[in-house]
Each structure stands twice: as structure tokens, then as C-alpha cells.
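There are two complexes below, and they share chain A, which is joined by chain B in the first and by chain C in the second.
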Partner chain A sequence: MNKKKITLPDNEIPRQWYNIQADLPNPIPPPLNPATNTPISPDMLSAVFPMNLIEQELSTERWIDIPEAVLEKLLMWRPTPLYRAYALEKALDTPARIYFKNEGVSPAGSHKPNTAIAQAYFNKVFGIKRIATETGAGQWGSALSFACNQFGLQCKVYMVRISYNQKPYRKMLMETWGAQCVPSPSPDTNAGRKFLAENPEHPGSLGISISEAIEDAVTSKDTRYSLGSVLNHVILHQTIIGLEAQKQMASINEYPDIIIGCAGGGSNFSGLALPFVRDKINGKKVKVIAVEPASCPTLTKGPYIYDFGDTAETTPLLAMHSLGHAFVPAPIHAGGLRYHGMAPIVSRLLVDGLIEAKAYTQLQTFAAGVTFARTEGFVPAPETNHAIACAIEEAKKAKEEGKEKVILLNWSGHGIMDLAAYDAYLSGKLEDSAMGDDEIQKLLQDLSKYPKPK
Partner chain B sequence: MIIYCSKLGLIEISYCLSLNEGFPCKNIIGCWKDRTDILRILKEKFSEKELREIFAIEGSSKISKILEIIKKQ
Partner chain C sequence: MNKKKITLPDNEIPRQWYNIQADLPNPIPPPLNPATNTPISPDMLSAVFPMNLIEQELSTERWIDIPEAVLEKLLMWRPTPLYRAYALEKALDTPARIYFKNEGVSPAGSHKPNTAIAQAYFNKVFGIKRIATETGAGQWGSALSFACNQFGLQCKVYMVRISYNQKPYRKMLMETWGAQCVPSPSPDTNAGRKFLAENPEHPGSLGISISEAIEDAVTSKDTRYSLGSVLNHVILHQTIIGLEAQKQMASINEYPDIIIGCAGGGSNFSGLALPFVRDKINGKKVKVIAVEPASCPTLTKGPYIYDFGDTAETTPLLAMHSLGHAFVPAPIHAGGLRYHGMAPIVSRLLVDGLIEAKAYTQLQTFAAGVTFARTEGFVPAPETNHAIACAIEEAKKAKEEGKEKVILLNWSGHGIMDLAAYDAYLSGKLEDSAMGDDEIQKLLQDLSKYPKPK
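Let's look at the complex of A and B:
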């Protein structure tokens, strides 16, 4: 019988997180205070984050110990199983061997609790009693609710009202773990009251929810704010995924040729990829792919440049993937094209050629998710479908080339709470959206004069 | 018409057109341009000046948004 699951015993759970900042060939440009154009000071962040997490944010130590109390909680679902996707391989008739790291087995159903548990712990030991956060679709809110419950912290989640109404099960999940989940805008903050006064049925937005959560953290006693993506310490906590995967692959004498993860804020992609990127920096041959939606092709289409934040050229120059502040002739194109929000670590790795990026359309990703569900059984989260679409493409390529590639993907979460999206796809209500190459080419030409970060 | 937004789940175009205090999401063109004539819809609903203002500012990162809010507190 072939081995389907590659597991690690509890006592082999990694005991340190890996901090890639120690190994980067080029350091990440620091975030700048928009008011002064100088690097953000730890003091500024201390209004919303505990100092022990800020220290991790700025650390360049290669290995950071995982406290025993955090390990104890992580053992509830970690080490997560690594699966060989035999049925998917068979359906694709590929010589490739496809492995997926199942992060959907966590209590909240995604990779998010890896950092939620760590953040709750570090807040707790810093003396914080209560955490406020925002959530859009509800994954981060669920993960933090679970983590706060584990460490006896109160948790308040401001959930964008349009999602709150659409996803009652997410709210119920948070409340089951003892958190307070309110639709945002809420009557509980000045920011929320302002929007409710204008429109009592305001559907909310992520911007409003962030404002409410931060106002809550800054104005409430013993309260801090927590973020589930983008920041360095979040990515650090997620590296346990890749560290486990390295041990699991080694235990069956495999090493991946290709690593794949979907990239939104960049934390699940980085969690799997960074330990392997370290190998790559040290000479190992491995292809690492971050996958993003074609409707928002920041990494795949935008060059890494210093660019102004606005068309009036009044903001500081920022090192970022951008499609340019002066996109002409139609300025209204710019917003949709120039959106960015990728973790600085991921952007830097792309620039340095350590990773590459690919984009897939909405329909391609849902088709991949359905193929996965109908072969491997597990229903993936819509975000995870991006990684699966890429893995399927690479497996088909391996077939064309007649090569036995080893593909490893991060199966970042299950889609049981996202069945409405599958229903929309299966009933033909979702359609494709992607950027036109001609527009992008014109744009890149316009951008060639911009300075490049070193 | 609906779309799957990775930040919020399934949403309708009417939400994307108005979520920023009555103004559209900065990602609206990228998300909708191949599904509908989004430029025409935007031009019908908003003046040229409004559109320039809406899309003039770079979609801010979460961190710059947080710093901006801290400053205001």
C-alpha cells in the first residue's frame, strides 16, 4: 500500500521559527513614516502592538525559539499532515509527484492560527488582557478568537457588515470561542458611529473595520490590536509550515523541485516557502512560485521600483511593486492596476530572483478547486485554489516534458465556509477577469524611467 | 452580477461601486473590466474630476493605513 499521509510525531515539531531576514541577500527597505519619510520607530508601533512582537518584527536573528506554551497549543493540530495527491496525479495522468501540506486541519480551518496562537501568547505575557481586530471574510477573526480563548484573553472582532450578513457561520464560530463579533460599522466606536449616522445600513469596508479596531485598541485599557498578514512577525510564525514540510519530505527521501503557495498578504506562501528559499540561497535547486489572482497582478505585472504614491508626486518614494502613479492616457485605469499590498519580504524575494510569480483567473482557480475536491476529497478555500491551479499546470507541463517533477503546495485552508462561492461557480454566475497585456506593455515602457531600489 | 472578492467573499458590483463612502473600490477596474464595461459605468456615475481623485492615490498598504489611524488617535 502506498503511503498517503506523511506525518511527524509530536516530539518532532520544530522548536524554532526561521527568520529569513538573517539570510536575505539584500535587506528589506524599512517601512517609512509617511509624515517624516523616516523609518517607523518601534515607539510608533507600540501604541497598537506589544513590544515583544515589535522586537520580533525588527529582529535579524536567524532562529527564534518557539515558547513551550505556544508549542503546547500548536500541538492541538500540528504537525499538520503532508499528503501525496495520488488521485489528482492519476486524473492528470502526470509523472509528477504532487504533495500538499494540509493546513486546513487547524481548529479554524486555515493556516491563520499559526500566528494567532503566537500573537495571543506574546500579548498575554506582555500583560495585555484584550485584543481587537478586524476581519473581512472571517478567517482571521475566527483564528484570533480561537487563539484568545486558548490564552484567556478577551477578543473583539469588527467584521465588515457585508460579510457578516453573508457568512453567519463565521460569526457563530467566533462567538463559540467566546469572542465578541460585531458588524462594522458598529455603534461601539467614534469611527463606526460616524458611518452609521450617515447610513444605518452601511455595508462597511475593510478600511472602516481597521479604523474601528485600532480606535478600540488605542482607547481601551490593556488592549492591543492584532494583524494576521503582511508583517514580518506574522510571516515568521508561519515558517513552521515549511520547517515541518522539510522534515516530512526528508523522511521519505524526497525534495521538491517546485514549491507553490497562493499569495494574498503573503503569509501562507511565505510560511511554506521561506525555509526552502533558505536552501535555495545556500545552493539548492528549487523553483518557488507565488500565485496571485489575474485581476490583481501586482507581482506578475508590476516592476519593483521607487514610485510616488500619488499622481501629484507629493508622497515619499516607496520601494514597491507598482504599475506606476502616472499611468496615462486613462487615469481611471490606475487604481485597479496599481493596487499593492504584498508583504515586503515576498516583494524583495521576487526582485532578487529567489521566487517567481504567476497569476490565474477566477474561473481557472475554481475549476482547479473542483478538480481537487473530486479527486482528493477535501474542498479547498477559494484562495487555496490559486495554488492548486498552478500545481495542476506544472504537473501537466511535467507530463509534456516527460519529467518526474516533485511538486509541493501549501493547502492553506478548507472551503467549507465558502460553499456559496462554489455554488456561484457551479451555477455559472462567476466569470473571468484579467488584465490586457497590451495595456501593461505600454505601462511598463512608461515606467522604465523610474529609479530602482538597490 | 457577483464576483468572488478574496477579502470579503461574494459581492455585487453595486458594493464595489460605493464602498468608499459612496465612491468605488480602487480595485474595481482590475476585477470587473473583462466582465462588463466598467469604464462606461464609472464615467456614468462619477465625474472625470471625481474619478481622477478616486484613483489618484495609490492603494495604500495595510501598514500605512494603520499608521495613518494611529496618528489621528
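Let's look at the complex of A and C:
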């Protein structure tokens, strides 16, 4: 019998996270204070994040211990199974061996709880009682609600109003875990009240929600803010994915030729890829591909600049590939990939040639997702479909070349809460989505005045 | 580190199903032809089911081999993990050790694919090209859609119209797997046209949907009908749950004192319980509890009679506990438990005192479900909440008695597609639901004229 699932026993769960900042050929440029264009100091962030997470953000230690209390929670669904996609391989008639790491088995259905649990824990031990955050489509908000519930913290989620109205299930999930979820702009903050005064039915935006959550954190007692991607400590917490995958691949004497992950803010891609990028830095041959939507082509089209992390210009300037913090991506179903920037770590790896990037249109990704659902059975999230589209392309290439490539992709989450998107695709109502050349040229011109990292 | 998940490697998946018909102290009475009240012969069912499944239905062989092709598909998500519910135990401050078998990890999110895969396979090898079925809330329809897709069979699902309109996501899931799902009554069958002529907006019922699916099966080329619970062969396919659980419990030197499963048609309960009931027949001490809704108290209140399996009186008469085939249960969210009858095997075990039964109200079960979601993290299906309510009650009893009871429950599926029910519960809008004594007395009087099994 062929081995379909490669599991890892609970007692082999990795005990340390991998911090690629120890191994980067070129360190990531420091975040800048936008008022002075000088590097910010750790204590400037202390009203927003607890100091123990700020220390992780800046650390260059290669290995950082995962606390026992965090491991205990991660064991609720980790180690996640690694699957061999036999049925997909057969449908593609490819000599490639395709593996996927199933992060959809977490209680929230995606990789997001890996960092939500860690962040809730570090806030807890720092004495924080309450966390405020923003959410767009709701994946991060639900993951953090789950994690706060696990550690007895209060959680308030500012959810972009248009998503709040369109996606009531995510809000219900947050409330089932005991969190408070309000549509943003809300009457609960100065920022929210300002936008509501302009328009009582304001649809909201991620930028506004971030402003509300940060304001809440810095003005409320024992409260801090939490972010679900982009930052170094978030990416650190996700590396458990790749560390597990390395053990699982080794247990069947495989090593991937190609690593694939979808990239919005960059944490899911990094989670799988960084432990393998470490091998690459140490001389191993492996192709590492970050996949993004053609409608939000941050890595494939965006310049490497200093830009704000949010639309409302409340964050420090980060050195990253960006389409500009004013950029509004098309309303594709892969809500988790609609971010104007990219994690500084991922951006730096692209600049240094250690990873590459590809973009696919919405219809290409759903075609891939349906192929996956009708072979491997599990219905992938719209974000995950980007990684699958790339894996299928690489598997076809392997067939043309007659090569037994080993492909490993990060199956970042399930699509059980995104079935309306599949319905739209199957009934021919889903719009394709990609930025035009003219649009990109204009954007690049606008971005040419942004500061460049050294 | 405490072991949270007890996994079973792929190569230890059970290779045979367990058929309790070999071990029953009293065999189940034969199904009767309602026209003659005499036992039906196998060939009378051959227009409805393929002969290989009819043979399984009647078999008294103790062990039945699982074909390699079925095992290969089951390995997509099986063996399922067994979990120790440490957080729930801690919240209850109980000396009991609570284990749950997580059947929610299947692509369809419940235990239903265990038999859907087997049924699709046996239809396939019998030369059938297409399967027709009915579905209420949509769980069985989606499981069979998935299974038919895996074996390249066409699938048509007649979905009760009111559910079709209220629960569009389940329909979308079926279509994502390539099945056709129509609201029932439909214009596609004589039965459907008859009801539509009476009322073009007819809300439908499970009885009408069964009539449509059976008519489709017996009148269409190379088509058979498929049922998701109640029948012996369906229950047989589910025993893989309990067989895995036995291996997993043995691997940590545990044996359950109490086995708990929710029971609608009986297949999920049986799947976990029957291998342990075998031990009980052989002298082992174990308490086995089937849990049902107080609004549909088939086992706790219904008499043991010969009754139709469907409202439309198209099936043979089955010897079972029943509330009468005309009984319409309250519209509780646990749609999978809204069945008037109970599997003949489960009914017989209750008559013979090998199992017991308990009923809980809707509010009791959701209180349990929220406790579970806020401790163990995973959000359970409304059906599963019944088993959890019972497990919590037993764990509290163990505390009162100061006994280290080992409780094992079947976590039959996740509730990610049932969040509206949680929302109603948390906002105080969920109605409680239980049959009144008067209502039950009247029902028992009506049922007193039904034939009694010997």
C-alpha cells in the first residue's frame, strides 16, 4: 500500500522556531520612523506590542525555544499531516511527486493559529489581559479569537464592515470562541467615529480597521495590538510548518526540488519555505516560489521601497516590495492575499535571489482548486489555490521534461467557508482579475518617489 | 509532554469491517414486504441496490474484507486521530479521562464518507454508472458527491427544497465535487411532478426526496439508489471507526468504561460502538450509550415495531424503534438526528440490553458544544453536541463518585457549516426542543396498531 499521509508523532513536534535573521546574506533594513526617517527603537513599539514579542521581532538568534505552554496548544492540531497527492499526480499524468502540508486541520481551518497561539501566550505572560486586532475576510480574526480563548484573554476584532456584512460566518466563529467582533468603522474609537461622521454606512477598509485596533490598544488598559502576518516574529512562529515538513520528508527519504507557497503578507509562504531556504543558503539546490494574485502582484511587479504597512500611515516604514499603501487590489476571493506590501524578510530574499515569485489570475487559481478538490478531495481556500496553480504548472513542466521532480506545497487552509466563490466559478460568474500593464506603469511612476532601502 | 493525539500510521488501518450480525445474541428480524407481511428476498431489492451491497446487507460473516481500492480512498483522511480532551477535563475538574475520535477531518467534514466511499466502489465494480440519493441538511449528499467523484460515477442528489434554499453552501459543496443537486420536489420525477402540481413552492420532505431518488434509480439506465444510514451494510462500513479506536486505545494501554455516540439513523453511533459491543458480548464490562434529541426520542420513547423506513411508504418494513413514519420532528439544527426510526441493529441491541439510550434538549446540547469549542478548540456539529452533552454528564458523575472513568466519544463532524446555529444560541434566540409527555402518549397510542417484531 502506498503511503498517503506522512504523520509525525506528537513527541517529535519541533521544540524551537527557526529565525532566518541569523542566516540572511544581507540583513533586513531597519524599520524607520516616518517623521525622521531614522530607525525606530524597540521602546517606541512598546505601547503597541509586548516587549517579549518586540525582542523576537529584532532577534538574530538562529533558534528560539517554543515555550511548553505554546507546544501544548499547538498539539491540538500539530504536527499537521503531510500528504502525497497521488490522485492529482495521476490526473496530471506527471512523473513529479507532489506533496502538500495540510494546515487546514487547525480549529480555525488555516495556518493562522500557529502565530495566534504564540502571540496570545507572549501577551499573557507579559501581563496583558486583552488584545485588539483587525481582520478583513475574517481568517486572522477567527484565529486570534481562538487563541485568546485558549489563554483566557479578551479579544476585540475590528472587521472591515463590508466583509462583516458579506461574511457573517466568520464573525459567528469568533463569537463562538468568545471574542467580540464589531464592524469597522465603529463608534468605539476616535478613528472610527471620524469615518462614521463622514458616512454612517462607511464600507470600511483594512487601513481603517488597523487604525481602530491600534488606537484601542494604545488607549485601553492592559491591551496590546496583534498582527497576523508581515512582521518578523509572525513569520518566526510559522516556521514550525517547514521544520515539521523537513522531518516528514526525511522520514520517507525525500527532499523537495521545488517549494511553493501563496504569499499575501508572506507568513504562510515563509512558514513552509524558510527552513528550506536555510538549506539553500548552506548550499542545497532547491527552487522556492512565492505565488501571488495577478491582481495584487507585489513581488512580481512592485518595487523594493520603504513604505507604510497600513493605508492610514500609522506604522513605521518597512523595507519591502510594495504596490504602495494607497493601492486597493481588486475584490478577489483570496482576501488573505489582498495586501499592498510583503513581509520584509520575504522581500529581502527575493532581492537576494534566494526565492522567486509568480502570479496567477483568479480564474487560473480556481481552475486549479477545482482540479484539486476533484482529485485529492479536500476543498482548498482561494488563497491556497494560488500555490496549487503553480504546483500544477511545475508538474506539467516536469512531464514535458520527463523529470521526477519532487514538489512540496503549503496547503494553507480549507475552503469550506468560501464555497460561494466556487459556486461563482462553476457557474461562469467569477471574474478574472489581473492588473493591466498601463495600470502597473502608472503605479511604478507614483512609487518612484518613495525612499529606497540601501 | 502529555500525548494529546493518538495517531495510527497508514499501514495500520483496519483491513476488514466488523459485522455484528455474526455475534448478535438474537438476530435482527427480517425486513418484510408491506403488501404481504412476509420476508423480502434479496432480488426484490436488486433494482434499488447493487447485488454486492445486498449481500453485505444480509451477511452474517464476522469479518468482511475492505477492498484495496476502498482503503486507498479512506487513507485520504483515515486513520482519524483520537484525541485526549485534556482542556475539557480540566474545565470540568473531573478525574475522568475523556477521549474523542475526530471524524471531522474527512473532506466532507463528517463520518459519512466512510460508507459513501464503500458504496460508490461497490456500485462501480457492479457496473453501475450513476447513483441517485436524497439529502436533508446536505451532509449525506455532499459525502456521496465526494465519493462518486472519486470513483468517476455520476451523482444526483434530491435535496429537500426548504434545506436547499436555507443551506446553499452544502449544495455548492456537492457541485464543487461535480454532482448535480436539485431541490425536491423536482420536475424530474413523477413523484416530484405530482407534489409540484399541488404546490409549485412545495417545501419538500425527506420522504418525498427518498421517493424521487428511488424512482430515479429504478427508472434510469445503470443507476442505483444509496442510503447514508440505518441499513446493515452502511453500519458495517462505519465500524472502521471503532476498530481504529480499539487499536489507538490499546496503544496507550487504555480501555473505555463508557462509549458514547449520537444517533439519528444509527450509523455514527454504531461505527464507534459495535467493535466494543462485541467485546461486551464476549464478557467485557463497558457501558455503551446512544444519544438522541429530546425532540426526536426514537430509542428512549419509541416502541420496537415494524415500520417503513420512509414517509412515503416505499421501503420494506424494518424492525426498529420508531416514532412512526409520519412523525415530523421539530426543526432542530441537528438535522442528521431528525429521523423517525433507528437502525434495526441498534434497535435490537437496545432491546437486548447491550446498549442504553439518553436524550438531551437542543439547549443542553449547544451549551455542551460551546463548552467544547472553548476548551478543545474544534467547533462540533450540532449532532456531535449530543454526544458531548452526555460525555460531560458522565464526567461530572465520575467527579461526584471520585472515579477515574475512561470516556470515549465519537466526534462525528465539525460545525463550521452550522455556525448560524451557534449564533442563534449565543444570542439567546435558539429555541429549546423536547417532546411533551402528552404528545408522546398520543404517539404511542397511534403506534400500538403497528406490527411487532417477534
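One rule holds for everything that comes next: the second predicted complex is superposed on the first by the 395 of 454 C-alpha atoms of A that agree within 3 Å, B and C clash if a C-alpha of one lies under 4 Å from a C-alpha of the other, contacts with A are read in each partner's own complex, and residues count from 1 in each chain.
The rule is simple: contacts are C-beta pairs under 8 Å (C-beta built on N, C-alpha and C of every residue); 3 or more make two chains touch, one makes a residue touch a chain.
A quick note: this is a predicted structure, and the numbers were derived from the prediction, not measured.
Asks: When the two structures are overlaid on chain A, which partner does A:Gly264 contact: first (chain B), second (chain C), both, or neither?
Replies: first
Asks: Would you check which partner chain A:Ala420 touches, where first means chain B only, second means chain C only, and both and neither mean what they say?
Replies: both
Asks: Once the structures are superposed on A, label A:Ala395 by its partner contacts, choosing first (chain B), second (chain C), both or neither.
Replies: So A:Ala395 meets neither chain B nor chain C here.
Asks: Who wins on chain A residues touched, chain B or chain C?
Replies: For chain A, the partner with the higher number of touched residues is B.
Asks: Quick check on the superposed pair: does A:Glu215 touch chain B, chain C, both, or neither? Answer first, second, both or neither.
Replies: In the superposition, A:Glu215 touches chain B alone.
Asks: Which partner does A:Ile54 reach: the first (chain B), the second (chain C), both, or neither?
Replies: neither
Asks: Taking the two structures together, which residues of chain A meet both chain B and chain C?
Replies: Dual-contact residues (chain A): 420.
Asks: Could you pull out which chain B residues touch chain A in their complex?
Replies: 2-4, 6-11, 15, 19-21, 24, 26-35, 39, 42-43, 51-52, 54-71, 73
Asks: Per the contact definition, I'd like the list of chain C residues that touch chain A in the complex.
Replies: 1-5, 7, 9-11, 68, 71-72, 75-77, 87, 105, 107, 109, 146, 149-150, 168-169, 172-173, 175-178, 370, 373-374, 376-379, 416-417, 419-420, 422-423, 426
Asks: Per the contact definition, I'd like the list of chain A residues that touch chain B in the complex.
Replies: By the definition above, chain A touches chain B via 31, 33-35, 40, 44, 47-48, 136-137, 160, 162-163, 166-167, 195, 198, 203, 205-207, 210-211, 214-215, 218-219, 225, 227, 229-231, 264-265, 293, 295-297, 307-312, 315, 318, 322, 325, 330-341, 362, 366, 382-383, 418, 420-421, 424-425, 429-435.
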